[in-house]
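Everything on this sheet refers to the single structure shown next.
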Amino acid sequence: MVELNAAVALLGRFPALTGVDLRIEAGETVLLQGPNGAGKTTLLRLCAGLLVPESGTVTVLGYDLAAGPERRAVRRRVALLGHSTGLYEDLTVAENVRFWARAGGLDVEPSVERVVGALQRLGLDDGLLDLPVHRLSAGQRRRTSLAALVVRRPELWLLDEPHAGLDQAGRKVVDELIGDAVAAGGTVVVSSHELERVRLLSPRVVTLAGGTVHRDTSS
Amino acid sequence: MTETMVTTGTTTGSGGSRVLGAVTLLGLATLLLFAFGLTEPDVRLHPTTGEEIGQFDAVRLLYLHVPLAVFTYVAFVLCAVASAGYLVRRTPWFDTMAHAAAEVGTVFCGLVLVTGSIWGRPVWNTWWEWGDVRLMTTLVLFLMFAGYLALRRATVDPRAAALRGAVVALVAVLDLPLVNRSVEWWENRTLHQKSTLGELKIQDLTLFTLMLGFLVFGLVLAWLLLHRFRVGWLEREDAELGVATAIAERRAAIDGGDVDAAVGEDA
Amino acid sequence: MSRFLADARLVAAKDLRIEARSRVVLNQVAPFALLVLVLFGFALDADQRTLRAFAPGLFWVAVLLCALLAIQRSVSVEQADGALSGLRLSGMSPAALFVGKASAVFVQLVVLEVLLTAGIIVLYGSEVDQPLLVFATGLLAAVAVACTGTLYGALASGLGVRETLLPILLLPVLAPVLIGATRAFDDALGSAAVDGWSWLGLLAVFAVVATAGGALAFGALVEE
């Protein structure tokens, strides 16, 4: 599913990843942990096809991410939840979810039911549907961008600190979401500092430090 | 290709380039001697009134201006070809060459505009002439590549800088015929054509000096390109070395205890 | 192909919807357009005969200045909170993204042109002798500017200096458009004896090359 060999990634001139060897099988749940600046976000973005590997090989879902077209192809089958929400302030919740779902490869305009369903799944009141995003709180925005991912039903989930900015109820929702994705057979890689919560899922734990894999409980 | 072009670490000079430099300097000195000393000013007799007309001493600038103009275009064509090569091949050689050619070309282009303007003052009685085809085209060309250089300088990520630069260079070169065409159709005031080389008596010494001018500025272009390319190459190597060092340093600095503390596994 | 068109339409609709909500072009750029016409009036000594003679050129300079703002806005919409990353992440074809964004800018430019046309009629006393020529020129020039501008907007994006870099990158390249459109308007507004229709050929070539070239180049760029 995901395989990295001596992968190096640069952010400008800074070596964010200094050589990563990692192999993740389909259906695995992986907790990615490590100190701040270890390269967790970079690793997730690399696997999502957003970064060009400087050296080494990165293969995701069979795509070799050294090539541009392959990187583009992999993005539609992967869901990355990053630090930013990627939402358009002036559009409503429903418009944003619909846009991002369609942009991400959904062939048909997602039905209202599906959108509402996704929002409800994330504990969002459907009264929020027609509210412009700039009226939402940070936590609500986070849940909205998650909803856009949920609507797409991706094969590989890359979640970068999904609990951040959410209240306790929101965090529970994220846990349930991850649980659902795992139960449905999806591959989930979660980078988080909420270690206790994620460990409840008995994931494989990969510790990143200094841009490389420091420890890996699977080996 | 790279081995013959790059020297060791600290200097961009090499045996070959020093010889080239010496020959170029000598040629430049000879050219200036001929252009400003040995050749005659352009003095002709008006066919009907019999008075003296012509460009007089201003014609001397042409020995510089015309070769500069030709090699400006050579440099920018080189930049365009190297940019296209980069887009296809994505190797650093093409990118470094494109950047070097653009920089040298922009300098040459600026000199063309300046020498042209100085020449134009006594001959056309104006520092600038709107609607003259070559003048406008060269000015727009200069502006486009000044923008290219600004963009490259402002882009931090080297790969992005190379990519964006290549696109800008190609668009600029493709746009140029359109600029030329549009100015040409626009005004018929072509002072350039009124006093081309054809009107001057180009023979013997003036012909020789002009040819010498082409030769010398060709050498100047080559010398400047060579060194600018090497500077760019060394900069790139330095950056890569920096990255390799940074990687090694980062990995060496990993402290297991700190990591455990960060992930809460110290107990 | 249908995917391409669907994606392009999706992006164009999104941009136009954002504009409909935020009204930036309507509330800020449009007044700026009129302001430019007024400034020209102050600068050129407000003699309507002079202004009318220069109206074509002043019109197109105003359009270019407004285009800068519209393109900056088109780019900055994507800077908001990682939307650009999101668009790249969506795996959408970059060419479709280009066509979508350029189309939205095109629509906004046409609106601005209509406004400016009314402006020069009212403020400078221009008379539209050949409405068809005005119409054709306006459309072709808008395509040329929107496509070239969208490409250069991407070229200058992500840099702290985008606002200052975009004008010096974009405007020299658009010189043929300025020259051609002004000459066409000279004919269409009766301010000079020029064959405006022959200039449309140049504008058309520019528009076609800008569209095709922009779509191609966008692919290489967004891949970074």
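Lettered A, B and C in written order, each chain numbered from 1.
By our rule, contacts are C-beta pairs under 8 Å (C-beta built on N, C-alpha and C of every residue); 3 or more make two chains touch, one makes a residue touch a chain.
Note that the structure is a prediction, hence the values are computed from the model and not measured.
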**Message:** If I average the CA coordinates per chain, which chain comes out farthest from chain A?
**Reply:** B
**Prompt:** For which chain is the distance between its Cα centroid and the global protein Cα centroid smallest?
**Reply:** C
**Message:** Using mean CA coordinates as chain centres, what's the gap between chain A and chain B in Å?
**Reply:** 47
**Gap in Å, rounded to a whole number, between the CA centres of chain C and chain B** = 31
**Item:** Whole-Å gap separating chain A and chain C, where each centre is the average of the chain's CA atoms
**Value:** 37
**Asked** Taking each residue of chain B in turn, which ones touch at least two of the other chains?
**Response** 156-157, 159
**Fill in**
Note: chain C residues in touch with at least two other chains are 224
**Per-residue overlap in chain A, given as positions that touch at least 2 other chains** = 52
**Prompt:** Which of the residues in chain C come into contact with chain A in the complex?
**Reply:** 6-7, 10-11, 14, 17-18, 21-22, 77, 80-83, 85-93, 223-224
**Fill in**
Touching chain A in the complex, chain B uses residues 156-159, 239, 242-243, 246-247, 250-251, 253-254, 256, 258-259, 262-264
**Item:** Residue ranges of chain B in contact with chain C within the complex
**Value:** 87, 136, 140, 143-144, 146-147, 150-151, 154-157, 159-160, 163-164, 167-168, 170-172, 174-175, 178-179, 181-183, 185-186
**Message:** Show me the residue ranges of chain A that touch chain B in the complex, using the header's touch definition.
**Reply:** 8, 10, 12-15, 18-19, 33-36, 52, 54, 195, 207, 209-212, 214-215
**Item:** Contact set on chain C toward chain B in their complex
**Value:** 151, 155-156, 158-161, 165, 168-169, 171-173, 175-176, 179-180, 183, 198-199, 202, 205-206, 209, 213, 217, 220-221, 224
